[in-house]
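The first chain written gets the first letter, and so on, giving A, B and C; residue counts start at 1 in each chain.
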Amino acid sequence: MAHSLVEVKNVSVSIDAKPVLHDVTLSIGKGETHVLMGPNGAGKSTLGNTLMGNPVYTLDSGSILFDGTDITHEGTDKRAKLGMFLSFQNPLEVPGITLEAFIRSALQQRTGEHVKLFQFQKDLKAAMALLNMDESYANRDLNVGFSGGERKKSEILQLLMLKPKFAILDETDSGLDVDAVRTVSKGIEEYQKQQDGALLIITHSTKILESLHVDHTHILVKGKLVKTGDGSLVQEINDHGFEQFIDAEGGKA
Amino acid sequence: MEFDTTVNQLPTLTWNWLKINRAPFKGSADIKDNTKPEVSKLPAGVTFTEESISSPAEIATGMGRTMDTILDQTHAACCVLTAEKGIQVQKPVVLHFALKDGSTSFTRQIIRAEEGADITVIMDYTSPAKAGGFHAVQTKLYAGKNARIHLIKVQLLGKDYIHLDDTGSTCDESALVDVTQIELGAKESYAGVAAALPSFSSKFKSDTAYLCRGKQTLDMNYVVVHTGKKTDCKMHVKGTIKDTARKTYRGSIDFRKGCSGSTGNEQEETLLLNPDVVNKSIPLILCDEEDVAGEHGASIGRLGEDVLFYMNTRGVSKKAAEQMMSRAKIQSVANLIPDEKIIDEIQDYMEEAFKHD
Amino acid sequence: MSGEDKTKTVVNDIDRSMYDFRYEESDKDFYRIKQGLTPEIVTQLSDQKQDPQWMREFRLKSLEIYNQLKEPDWGPDISGLHMDQIATYVRPNTKMQGDWKNVPQDIKDTFDKLGIPDAERKSLAGVGAQYDSELVYHNVRDEVAKEGVVYTDFESALKSPEYGEMVHTYFMQLVKPNDHKFAALHGAVWSGGSFVYVPKGVHLSFPLQSYFRLNAKGAGQFEHTLIIVDEGADLHFIEGCSAPKYNVANLHAGCVELYVGKNAHLRYSTIENWSKNMYNLNTKRARVEEGGTIEWVSGSFGSHISYLYPESDLVGEHARAEFTGITFAGNGQNLDTGAKMVHLAPHTSSVLTTKSISKGGGISTYRSAVYIAKNAKGSKASVSCQSLMLDSQSRSDTVPAMEILTDDADVGHEAKIGRISNEAVFYLMSRGISEEEARAMIVSGFANPVSKELPLEYAVEMNNLIRLEMKGTL
């Protein structure tokens, strides 16, 4: 059987010596859309960041494989070059470099080849149009002065331009109004179609999932993966919340 | 000719152990010829004369009076560029210093914009990459009522050059002086800019970007003196220090009595890339007037962890991110130059500079 | 408000009647050394104090250094200070007491007015009270002494069999006489001050306080404070000072040397309220070992001229320094204050927060240095200074310097200068508050980050001082 694209095996993570994730195991196949849900403080963002190798977190035990390669101890940029991507919950401002120049540089880094300007600009314009982003943003310093919604769009724009095999979307819908959520959803759908990309969507509300097809849903409570189900689990959470899972965990804790 | 003096003195002194009150300048120049700049074709409304007068003493310059002495001793050639009243000069005037190995160049410039005029002057200094020599320049700006002068100085000199770049300006009512500086080359660079704002609603803006690498040293002194009411200044200095380079930045905003309603803002961003660098910064605000608002901020250090992680997630390695940010700093100031050719030269220089990393 | 001749008078002086009382110092009750500064005078002083031989030699050597060093070529003008007109040693003819009722009446009254015995009863673990050049009172609570805490006047410590050696080893090693001219002066004519030793792991739940009162006219006070906080210990030390106003110069050139041991914690709070004829040329320095923390809290309200920059030397990994200060310069005052943070080890951190207010022709200069040595990798320093100008006769300068010798350091700095925001005043007035009250509130609010770090009585005192200063500024 072909290996999964992403394999997380018994991963335990801590930050500043405090444990936050306990023995998490999951796998994501090529092209699949997984959703990671859980109450606030469950460790969802931690898992996303750990997959990406954020040095702020310590992997106490376990391993992570990406496309058959053991990336457990690989640096973040290496993971990105292998085809992983993280869309941030609170994207930083990076003054001094324009959105366009940054994406072009990142593309150049990834492929190692010189990026043909004309095609690149065409692709960029098309992607920005899809996301209802005004063209002028391309020449603005990366995220500087962007509103919350515009920053999230800038993340999805990068997703579409960098074309990774696997994208982790960390609370992409938080702080967005209805229209923005719809637009961002459109961008994600486009990524799914165009790339047949795998997705791990981290969220604690379900607005963004409404128009997406979800293959698997995972519930994280207090750092433990308490349940895995299919797309219907999302509706269950919508109807009943996380209480049943919290109570179960509370008893054990 | 021998030099043993000090330049770039602070308007108000502080502890001597910091060795930041002034910069010692010791050097010698074997003065053979005196390379003068090539002047581009003059647009309409601009006159150019060469005079051997010394420039108006009432305009103070950033490096201080010792620079006057150096230029007097070396019989610096002086030229005067004037934009006539009301003329909005469309194309920049370019003074191009094409220096060779062993060149010595001591020049003065006076740039005048009469009432309502608008002129951009670009002074760029280039030489072969491995060349050495001596280049000193003193530029005084006089902006008339409602006039605007945009002075751009781009330094791309060879690795053994000694470079002294002195600027001073004054403004009439509602005038604007805008100074853009790029310091990339040379072995030892001294840059001083002094802007006087004596007239109502006059303004000064300064954007400087630099890259100090290898054994380069860069010593800067920027001073803005507000005496007129409702005057404003904005100073922004950004750059990167790597290898064993050393950089000193002194930035002073001086609100003198009577300048009520004035504002000043000074920002410094410095990226440090290697353990042997030396950075000295002293952003001063002197204030003798109640009705003003002054601010300064400085941020000095490595690439932030969070910025680095963000870059990493896009597949950009630490080294590539450092280069990207260094170039971005220069690029953001280079973008203010209305001359594609010069921007290209700057980019080429940056490309070369990072090639051997 | 208009049409009335309200408090239009500009208040030129803080209403310091609270501090401005003074007592005659008659010859029979006081010994006063000849004014001036010569080897003979220093020798006489040393005799009066019955110094051990090494100290006498130290004093004379310091005097030599004083004569060789030059005055600073930066900072406020101190040409009004004439050492030949200052009596460097004035001693009340009384022995140091351990009980207030044995302290001579006038002196006791002084400290009563300043609230010291009261504070001691209520909230202090120990008190040292210095009047002119000598300690008149020193006491430490029994339970504190039992834990091995030593808090005595400096002279006793110097001559004691148990601590004499320690004092000899540490005295003026952190602030050396050749550091600057007034450190040398201090080395020559120091007198009084306290010695504190807190043993390993001991946490004092109440602060120790030393109060310095300079009552004599045309005299100097040169107390020496040496505090050693051993590994893991915790101490809050409060220093207060004041003097009545005279129309001749008085000089204060004290010295504070603080040693903070491994993982120890020391908070050093000062309210400096010298009179406006005082030249305050003080030197304070702390040396912080691995994991130790020094917190400085400093309020400068008085003196004619001040040079005051507490320095923190972070010599051990993860050592930390915090400085929170406020300076209020009024008419006739030129206060040059700030701090120095010296990072000499990896992972050290410093935070410098200052506020300064100038009014009525006062001059306030904020002067700082952040120095990060080559091996101080992983260090962080942040500086924030805000200045408020209350009128156009005053002056406020900010002179911060940073020297960084490694790339692995994170330094952030911000400074703001301006006046009371008209919008803020309007906002408060729209809620029914008078303009004068609104301005006072804004200035108090401005000072709040510092006042909330001070012991309560001082915070109250500081707010009162601000309110008094603000009266009549319209």
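Going forward, a residue touches a chain if its C-beta (ideal position, glycine included) is under 8 Å from a C-beta of that chain, and two chains touch if they have at least 3 such contacts.
Given the structure is predicted, the values throughout are model-derived calculations rather than measurements.
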Count how many hops through touching chains it takes, at the least, to reach chain C starting from chain A. 2
Using the touch rule from the top, work out which pair, A-B or B-C, shares more C-beta pairs. B-C
In whole angstrom, the CA-centroid distance of chain A from chain C equals 55
As a quick test, compute the distance in whole Å between the mean CA positions of chain B and chain C. 42
State the interface residues of chain B toward chain C in the complex, per the touch definition above. 12-16, 18, 20-21, 241, 255, 257, 260, 272-302
Provide the residue numbers of chain A that touch chain B in the complex, in ascending order. 52-56, 75-77, 80-81, 84-86, 88, 91-92, 94-97, 101-102, 105-106, 109-110, 141, 158, 162
Enumerate the contact residues on chain B facing chain A in the complex. 238, 305-307, 309-318, 320, 324-325, 328-329, 331-332
Residues on chain C engaged by chain B in the complex (per definition of touch): 73-74, 367, 369, 371, 374, 377, 387, 389-392, 394-419
